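As structure tokens, here come the structures.
Two complexes follow with chain A in common, the first pairing it with chain B and the second with chain C.
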Partner chain A sequence: MIQRGRGKAFAVTTLVAALSMAGMANAGVTDQDILNDQMTTDDVVSNGLGPKGQRFSPLKAVNTDTVKDLRPVWSFSFGGEKQRGQESQPMVKDGVMYVTASYSRVFAIDVKTGDELWEYNARLPDGIMPCCDVINRGVALYDDLVLFATLDAKLIALDSKTGKVVWKKKVADYKAGYSITAAPLVVNGKVITGVSGGEFGIVGKVEAYDAKTGQILWSRPTVEGHMGYIWKEGKKVENGISGGKPGQTWPGDLWKTGGAATWLGGTYDPDVNLLFFGTGNPAPWNSHLRPGDNLFSSSRLAIDPDTGKIVWHFQTTPNDGWDFDGVNELVSFDYKDGGKTIKAAGTADRNGFFYVLNRENGEFIRGFPFVDEISWAKGLDKNGRPIYVDDNRPGNPADVDGNKGKPVVAIPSFLGGKNWMPVSYSKQTGLFYVPSNEWAMDIWNEPVSYKKGAAYLGAGFTIKPLNDEYIGVLRAIDPKTGKEKWRYKNYAPLWGGVLSTAGKLVFMGNPEGYLMAFDAETGELKYKFNTGSGIVGSPITWEMDGEQYISVVSGWGGAVPLWGGEVAKRVKHLNQGGSVWTFKLPKEDA
Partner chain B sequence: MKRCKLFAAFLVACLVFAGQAQARYYDDVIASGTLRIGVYRDFPPYSFLRDGQPAGVDIEIGRRIAESLGVSLDVHWITPDENLEDDLRNNVWKGHYLDKDPQNSLAPKNLADVMMRVPYDRQYAFKRESTGELVNEMVVLFGPYQRESWRVAFDSRKIDQVSTVAVFQYHPVGVEIDSLPAFYLTSAFAGRMRDNTHHFSNLPAAFEAMRRGEVDAVMGMRAEVDWQLHRAGDGRYRVGENGFPMMGKQKWDIGMAVKHSYRQLGYAVEEVVDRLVRSGQMAEIYRQYGLTYEKPGLYQETL
Partner chain C sequence: MRAWSNALLFALALSGVPSEAAEPTAGDPLDSVMWEYNRQIFLADQPYRFDERVLVELPPFAEDPTQVPLTVDASALAGRIERVIAWADLNPIQQIFNWYPAAGSRARLSLRFKVQQATPVRAAVLTQDGVWHVGSGFVDAAGGGCTAPSMANSDPYWESHLGEIAGRRFQAGSASRYRFKVIHPMDTGLVNNIPEFFLQQLELRDGQGSVLSRMELFPPVSENPVFTFDLEGTEGPHRLWLRDNGGNEFERTL
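Up next, the complex of A and B:
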């Protein structure tokens, strides 16, 4: 089956054929395949359609004129009762799609027919309590291996033909509160992963393993004060303390349990040879307990993929008190400024600001709000540091004294101006397409709260929509000016990724279940199709036998339905699911 | 043909329901001959394994309840989630979302008939969401059996006495991470005790650090601290006489929970526990573990 797929693809274009030859007949995915992923249209072998994470495809058979004729060719069900949110991005190689589903499952599907080739169902330990729901965001491919991470924080390599385990490594201890839901990243033969974790005192890290053998190569903690390690000839060697030494931006011993989970994975740019990983909020949750910047929480880190050293960092929310995190993907792009090419990177943060950074050194170029309202900061200073509105910081537990603490109305809510769902950068329009949400939260210290038989001080909160008509807004944003070119409003919050193509289209799914296509210049809705359950995954496109295909995973869930309040009311009629939908144009139109 | 299949499926379903644990009606509990009592895992002195056997005050109370109902005790170990609402959902009324059997999707969830160590607090029981809905409407909280509070234990070779928490401006103190003592010591009095607050994954680990000399004191729940002192059996570790000024919740009562549809079971259990408290047997159970016993508010007012 795999052979057949390859044979047909071979006949399509000489460019593809040449690349295939370079990798030998029947070869697996190479480093070159991954680096060139954005330009090679016959496969999708990286999360983000290329390690830069631009989610842009040069394909244009499906375009603003033809997209109206797009129709499904097959739908594949993940089956069973394991639903709760499908946030995966499928991969396609040699006629086979590799896609993950919730509860740490992987499926290999024949892309011509939608038939299942194999399924891998990770056996999770009894009584496991993963911190961060049961979603999974996808696989990485390397050689003849399918790599993915599990809820019990293991990295697993499967044989791409059989789905059998080739190697398996424990990245962190699930009993200590670690989990992994992100897709791993492969760079020059190394598979690189972060970790998820709750409030149990975890410390975030980024680790590299030999993709073929699973041998660990380096480990880099993301909290100041923790020692990094590198393995030389199998020996674990100290590789420098993150941030130099403990206690500079943390009080007491809190750096030991500082959080900063790298739960969304990362991107890579070969031009500057750097990995870009975002880090989560600092622990404990309440910022009054930990005065200081709390590095490297809520930051973007640039890491040398060869050594695991932090080359630069940019912190979006120092002393984060709103759970804004800083995990959002950093997307590399170049632009011209007075004839000079700027090696930039763009990122839309949970905190509501969009940042353009110099990706060579992390310097702040510009930043601007990408949501309509931000309450917690008046703006950014010349270095990109937020100018805080002190009154808008959630209250100090010391002020509670038995009663409900003073509630604060903060915008955006902790689910963010943008959450995990990846943006797209179109090389054609030079615009970022940002799936965002307009919502606020009331937040207070909740003294009527218990944990493990003990009185506790929880954070009470409720998330509220800012508008009756919509929460979600897909925005086209010019990174050079901060201007919004167009917007599409969606009733439910947006929770899925975006894809842009040279067909002048932007694809995105919504929780109402529609896969939608917009004119990339005007935002005009050109196409929609209801997949039967909400879409919280990221669409892909590729070419096979001269035809352009589009695939997206459907299955409502993720973090939004887990929280109560007004927002839950808007989404509670949405049904769960779990399937992959694949579309193309009818043959006669092609 | 189709009929046969259906019948087979029905049979399987019946067999499955017969053998598995889910929260149940009083009559079903009595008929089955076992009572499933939910207790926290690895949580001395309340519930833990000692030489491979379930032990702890909550286990002892569970034994008395089962005995009185004429059934045997089946322990349902609870891995704690982030808060009590989660534990009640996962263990009393709904079940955990990972508790799924792909081979048998009709299998009932693994639930406790009765969950121990659930705070008995009217304000909590009737807490409402921002939308006006009750947060805990699926459970009934009942049967208070103990009053809990906070306590400090200190190493008397390092500190003369702990008459106020002010000493922790000068002496390191260990607490469980993400607990009220952790919040208190890092935020109260403008954070003056913050730099001396050391965080551990649980109270026994904090006590161990005190034995190693890393911290001079620990702060935790009274029974947890008492248990560590009892086990250490070493006069150098003593109990603080301090109060906890500005600390939100100083004392709270501990009771039990059943699913709201199984109130009859709750009444039967409550009767047993009430007898244990009134007869002094409850105090005796706590004494056996070397713990201070304080009656819940209800009994302090009526007895």
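Up next, the complex of A and C:
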């Protein structure tokens, strides 16, 4: 007997059809969309609100007058028990938000409702070795792909409609200590990524892949002496040794495990067609093992996006002995000097100095401390090289009996005058808004030798606050004079990014859980809202149906709670979380 | 007011599903309450018949609910087999596989899968005339196979051996019979904090790279799955290609 089912179309089929119809109306993200991101207010398609990383939006419906009425419209939970640090910057395109969460997860959310459209959970091996929490800092978008990198050092492209894997590439071996937490950067169809792992004696690198296919295009090591490669018609071709040859600024074989991780990703400036990547600490931390400048550790590198060649470099802490891991983002900006436009770039380093460089050639224009106290250097010379205080370098363990070299108290601490959390540059005020921290450390050196996959530090340390009332300081800094225009002091250390807008506002979250808005000129606190867990992510703003929206992820974590000492007292009561909050003005105000 | 609303809801419910509620098992030899539900999902309104020539071989009791051997054999049906869908009625994820057998080869396949509780297991076989032939089997079980953590969760072995394929070729009459095992956790996503992670696509290709037979796999397929296929009348060496939902691809000459 042949039967025939009663014809009830399966509901999912209809849904799939509806989704694919909706998909047709939306074009994918183009190179032009990414380059214009700062000026196109209806989307956020790059990390940093534009590849220059200024984190400035021309939107002004939410401004110093209206911000008091800002209201949450939805909150979305990442769910599960994976509530660790949430350091992501969301992206928004065609009514969909793409945001990452701890443990290499990606979520697509309908921005009108806060409904989940899909999620992708990377299945991570137990053996991953992130140094500083299981965080992720966000996705890149290109065409109809959502690109992100994982804690086991893979680069993955997901279909933006379904969340299914389109391609996946291994960037490096997680068993050797590599991981990736930064958001990738897309430039002219290439997806560009760095690697983390400077605490494990890895060799830092920057790599470019074809965004649509995942085919590798070039690989540039960031430690002097290592060969770079470029792929021509699928063939791997030698592309010059970084720094020319080994052994110039490193003794013996130490360059082979030299660190200089590119763990924060990079920025791009189309005016000069250069990628800017910061590089982390040289390995191991014990600097007596590696006399020399140890290029290209603790530096900013300008890299040609087409060839992967290093065009210029600027090293902030040569022979770094304090983990002043100078990976901090380099933000392109222009200013006028006697009628002449200077193509500059600003960067606030872990070591406590703010640098203004000529972004065309890497020349030092000026530098100044942006924290209240710096103990390890008396200042910068005319080329921007630090003038060291020799007594403030932790002692050589080889000089003493036993295993521990002479400890010193150094300022800032190894977590830095500023850590990963991105600054904002306002085109409206011409000021940099720098989330910084005031803290010191005891640090001492120990003997160490390299072993694959094991921590490679050769140092011990504790962190302590410099003030009873605060550690965090949000500063408004004039890059032309080094003058601090205003400051906001925060009890817990700041660990989240900053956003400035043409509404004359500066947005930032704090570990206490507040999303805050400040007057960009005066620093007056105009708004705060507690999101229920600490904010260590970066806020964004965009416009939909004529209304301005602001979103930020909430979820306490990152490197701060992993360290004990006196700082732990200030943060141990903070609870974990994992959510995105979205805000707008009530309709009548907009 | 309340009585009126309830009456309205009842009327709506009736009009929405005119007669299915009355007959959930619709001629099912196993009288399963899930028959109609799954039939709608997998066969929709296409013609079908229960057919004892489609053999669904199972042990009477699942000694290990995470590794239940299943053989589907449709070789008694005449003509080309277009497609075979297998599902377990009472699993939280019902579908086990979707298989497009190789032309000219015996439509017989063995693998292992997970059961959550005692359940009917179905194999629906589509012949060239557009009719689905449904074979059924039943496995008794103590349960829990789909919501137990994979062994991989407590042993990092898989991390360094993911996708390794061990295989053998046997002579089965005139056909080559291939049996192979793939190292993979096959996580269902139903265990807290372990994301779904499973082999999703399988292809058997000939020496020129043409696809002879392909399968879509679903999370109920067992951890480190073992597959047995017959291939007939094609030139080797045959290649096996697999891809998981994490985008990992694995390939081996059999």
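In this text, the second predicted complex is superposed on the first by the 538 of 590 C-alpha atoms of A that agree within 3 Å, B and C clash if a C-alpha of one lies under 4 Å from a C-alpha of the other, contacts with A are read in each partner's own complex, and residues count from 1 in each chain.
The rule is simple: contacts are C-beta pairs under 8 Å (C-beta built on N, C-alpha and C of every residue); 3 or more make two chains touch, one makes a residue touch a chain.
Small disclaimer: the values here were computed from a predicted structure and weren't measured.
Colleague: Check the residue A:Lys256 against both partner chains and state whether it touches chain B (first), chain C (second), both, or neither.
Modeller: So A:Lys256 only meets chain B here.
Colleague: Is A:Gly80 touching anything from chain B or chain C once the two structures are fitted on A? First, second, both or neither.
Modeller: both
Colleague: Looking at A:Gly127 after the superposition, I want to know if it touches chain B, chain C, both of them or none. Which is it: first, second, both, neither?
Modeller: A:Gly127: touches chain B and chain C.
Colleague: Which partner, once the models are overlaid, touches more of chain A's residues, chain C or chain B?
Modeller: With both complexes superposed on chain A, more residues of chain A are touched by B.
Colleague: With the two structures laid over each other on chain A, which partner does A:Arg290 touch: chain B (first), chain C (second), both, or neither?
Modeller: A:Arg290 sits against chain B, while chain C stays out of touch.
Colleague: With both complexes overlaid on chain A, does A:Thr162 touch chain B (first), chain C (second), both or neither?
Modeller: neither
Colleague: Answer with first, second, both or neither: which of chain B and chain C does A:Pro397 touch in the superposed model?
Modeller: Touch partner of A:Pro397: chain B, not chain C.
Colleague: Does the superposition put A:Lys451 against chain B (first), chain C (second), both, or neither?
Modeller: Touch status of A:Lys451: first partner only.
Colleague: Between chain B (first) and chain C (second), which does A:Asp442 come into contact with in this model arrangement: first, second, both, or neither?
Modeller: First partner only.
Colleague: Using the superposition described at the top, list the residues of chain A that contact chain B and also contact chain C.
Modeller: 80-82, 121, 127
Colleague: Give every residue of chain B touching chain A within the complex, in rising order.
Modeller: Against chain A, chain B makes touches at 40, 43, 46, 77, 79-84, 87, 96-98, 100, 102, 105, 117-119, 121, 123-124, 127, 129-131, 133, 148, 177-180, 182-184, 186-191, 194-199, 201, 221, 246, 248-249, 252, 254.
Colleague: Which part of chain A faces chain C closely enough to touch in the complex?
Modeller: Counting only chain A, the residues touching chain C are 1-10, 80-82, 105, 121-123, 125-127, 156, 164-168, 175.
Colleague: In their complex, what parts of chain C are in touch with chain A?
Modeller: The touching residues are 19-20, 26-27, 39-41, 43-49, 131, 156, 159-160, 185, 187, 189, 192-197, 245-248.
Colleague: Spell out the residues on chain A that touch chain B in their complex, using ranges where they run on.
Modeller: Interface residues on the chain A side: 80-82, 84, 103, 121, 124, 127-130, 134, 176, 198-201, 251-254, 256-257, 283-284, 286, 288-291, 396-398, 400-402, 442, 447-458, 462, 464, 564-566, 568-569.
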